[in-house]
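What follows is a pair of complexes built around subunit A, which joins subunit B in one and subunit C in the other.
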Partner chain A sequence: MSLLLFAVVGLVAVASGIAVFVVDSMARATFALALSFVAVGVEILLLDLAYLGVITILMMVMEMAIMAVFMVMYMMNPAGLMPMSMMHNKRGALIISSAAFVVLAAGSLLVPWPSRSGSAPPDLTRAVGDAIMGSKMLVMIAVSAVLFATMVSAIVLATARGRYDS
Partner chain B sequence: MTVTTLPVWSVVPLAAVVVCWAYAAATVDAALDPAPGRARLARPLVETSRLLRQPRRVTPAPDLLLWRIGIAGPFVAALLMAIVVPFGGHVVSGMAVGIVWFNAMDVVLWAFWWLAGWGPNSVYALVGGYRFLAQALAYELPLMFALTAPAVAASSLDMRDVVMAQGELWFAVEMPVAFVVFLISVVGFSSWGPLGHPAGVDVADGVLAEPSGLDRLLLLVGRYALLAVGSAMAAALFLGGAAGPWLPGWVWSIVKTLAVLVMLVGVRRRVPIVRADRLMALAWVVVLPLTLLQVLVVAVVELR
Partner chain C sequence: MTLDAFLLLGSALFAVGLFGALSQQSVVMLMMGLELMLNGVIVAVAAFWYFVAPAQPDGQVLLLVVITAMTVEMAMGFAVVTLLFRTKDADVTDMAAEFKQ
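Now for the complex of A and B:
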């Protein structure tokens, strides 16, 4: 049952990813990409990584909402009123992306996966964090505060005068 | 005060409860309208029946798919938020990351309100949609830190633990800044009152300019539902949930939620609209440092 759900959500992710290049409106392309990311977030939820899955959905929807503004602002055909293609270097891109997909898919099927030793830890999110960060956790936490302060001060400096202030 | 998890089928009655709360919010809004008029309390019913009979007005070359998503969005987001909100000692989903889930669903509103503005291919609606994103950038970070404070105090992202951790002292007393910021953010993601810039009268009601008939009804129900679910969340996060003397838990949940709801709905005609760019300066220069300090204080108290 959960395998079926996993497959369906995976297909949604791939299909909406393809839709990004099929639709001719920037708004539709952006939110097709958002749907693809949300499907990936749901896949992570199905792996019992609740925090990572929900935070993926949160981040991606927020990013795509902001990206919609820039896509519409910069693209020559914002609303899809004139036909335009999202693709550049069509043949090369198609070959490269198909090859990458085949290699990754074949890899996931052909690699001899090790069988599980022991049982799954109670808190999978914590285990993933330990595996990726390990002893660097404290450094990363400190860096994240510095990064956040940098972003805020950069924005404050950049927008010392808003467009409505004289 | 323990919170029990309900079976999965309870999402169906939950949806009905959310609709009832949205209706209550609309009634409160009509009752608090200072303009003279007869039969005010019946106004939501009259308006519902009017919108149900009204034919749909269409604009030239709308993006119907995206518009429909944007119209249904606020109500769907309110329902998805509601599954993690404890009410009367019960909660539909005992998700371990309930607070993050609530946060993710209010972020999904960024997309929905923008789509509601983009869909009709109308300039006023579009301005409203863009205004929502500008406003969301202002309130979202303070909201995230306001949600962090109770999670730190309870040492858990599970709403059941947050309610239980308020046995001795309500979090509204322990962390007043986070409480106030949360309430302002609820008004913000509902595009309501002082943060109703995306639906401002200066752009012919912005995102609300074009929807008519059933579409308009759905969008308005969604907005009232967001206010109501936000009030219920405030009651659970900061006002001790269903805890209280003498009366049963569900009565306390209703009383607290209604008190917050009346306050949020009533702010509409009493506080002027804050323009998104002014809100941005206020939010990032004043409110964000205050919420960070609030989290620091809570974390230090918690460590001790």
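Now for the complex of A and C:
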């Protein structure tokens, strides 16, 4: 049952990921990407990671909602009323990405991965919370500093009359 | 469900994202490609945690870092697109490549 769910959701994730670069409309591309992210969130839920799966889904849905706004702002064809292609070097990109897939797939099938050691703690959310507030606190400190720096630098870059206006 | 299957899914998502990041002209579409690549990484990290070392929380913490990286990439990408558009009216990479100062 879970195998079937994994296969179906995985197919949805990859197919909607491909659809992002195939559909004409930018709005449709954004929602295809959102569908792909939700599918990946479901795959994470299948691995018992309830907390991380749910925050992935919530965060990505919000992110795609913001992205749709930017799409309408900056793209020339947000509604997809005229078919168009905005690609360069499609052949080269196809060759490089196919080669990357072949290498990664061969690696994932051929490398003798270590077998499972230990079993998951009963409360996974508590385990990750204990980790980032205990032994892995440096990660949390670094992430919070990076997020703060991102907020400041994004505003500095995007503001109309900032330090670097010409 | 096996580790191989999850890694294959991650590889497929990564390859699709790589295609998008290399082929798209629009900066926003290019960022979608980068997001898809990180999406593949998320699947692979979660699968490694589950199938290799579920007793330690390390995999989950790494997953949090990757999700944060995705958010940061998105915020900075939009800021740079806004800056490009505001200063040069450019929203495609080929136009941005022609900038000379």
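We adopt the following convention: the second predicted complex is superposed on the first by the 124 of 166 C-alpha atoms of A that agree within 3 Å, B and C clash if a C-alpha of one lies under 4 Å from a C-alpha of the other, contacts with A are read in each partner's own complex, and residues count from 1 in each chain.
Going forward, a residue touches a chain if its C-beta (ideal position, glycine included) is under 8 Å from a C-beta of that chain, and two chains touch if they have at least 3 such contacts.
Since this is a predicted model, take the numbers as computed values, not measurements.
After overlaying the two complexes on the shared chain, residue contacts for A:A34 are found with subunit B alone; subunit C is out of touch. By the document's definition of touching, neither partner reaches A:I141: not subunit B, not subunit C. Within the superposed three-chain model, A:V8 lies out of touch with both subunit B and subunit C [touch as defined at top]. Look at A:V152: by the touch rule set out above, it reaches subunit B but stays clear of subunit C. Touch criterion met: A:A65 reaches subunit B, while subunit C stays clear of it. In the superposition on chain A, A:S25 contacts subunit B only, with no contact to subunit C.
When both complexes are overlaid on chain A, the residue A:I55 reaches subunit B and subunit C alike.
Put simply, more of the residues of subunit A are touched by C, taking subunit B and subunit C as the two choices.
Put simply, subunit A uses residues 55, 66, 155 to touch subunit B in one complex and subunit C in the other.
If you check the complex, the residues on subunit A that touch subunit C are 2-3, 6, 10, 13-14, 17-18, 20-21, 26, 29-30, 33, 36-37, 40, 43-44, 46-49, 52, 55-56, 59, 63, 66-67, 70-71, 74-76, 86-90, 92-94, 96-98, 100-101, 104-105, 107-109, 113-121, 124, 127-128, 130-132, 136, 139, 143, 146-147, 150-151, 153-155, 157-158, 160, 166. Interface residues of subunit B facing subunit A in the complex, by the touch rule stated above, are 61, 63, 65-66, 69, 95-97, 100-101, 103-104, 107-108, 110-111, 114-115, 118, 121, 130, 133, 136-137, 140, 157, 277, 280-281, 284-285, 288.
Looking at the complex, you find that subunit C touches subunit A at residues 1, 3-20, 22-29, 32-33, 35-36, 39, 42-43, 46-47, 49-58, 60-61, 63-65, 67-68, 70-72, 74-76, 78-83, 85-87, 91-94. Residues 25, 27-28, 31, 34, 50-51, 54-55, 57-58, 61-62, 64-66, 68-69, 79-81, 152, 155-156, 162-164 of subunit A are the ones touching subunit B in the complex.
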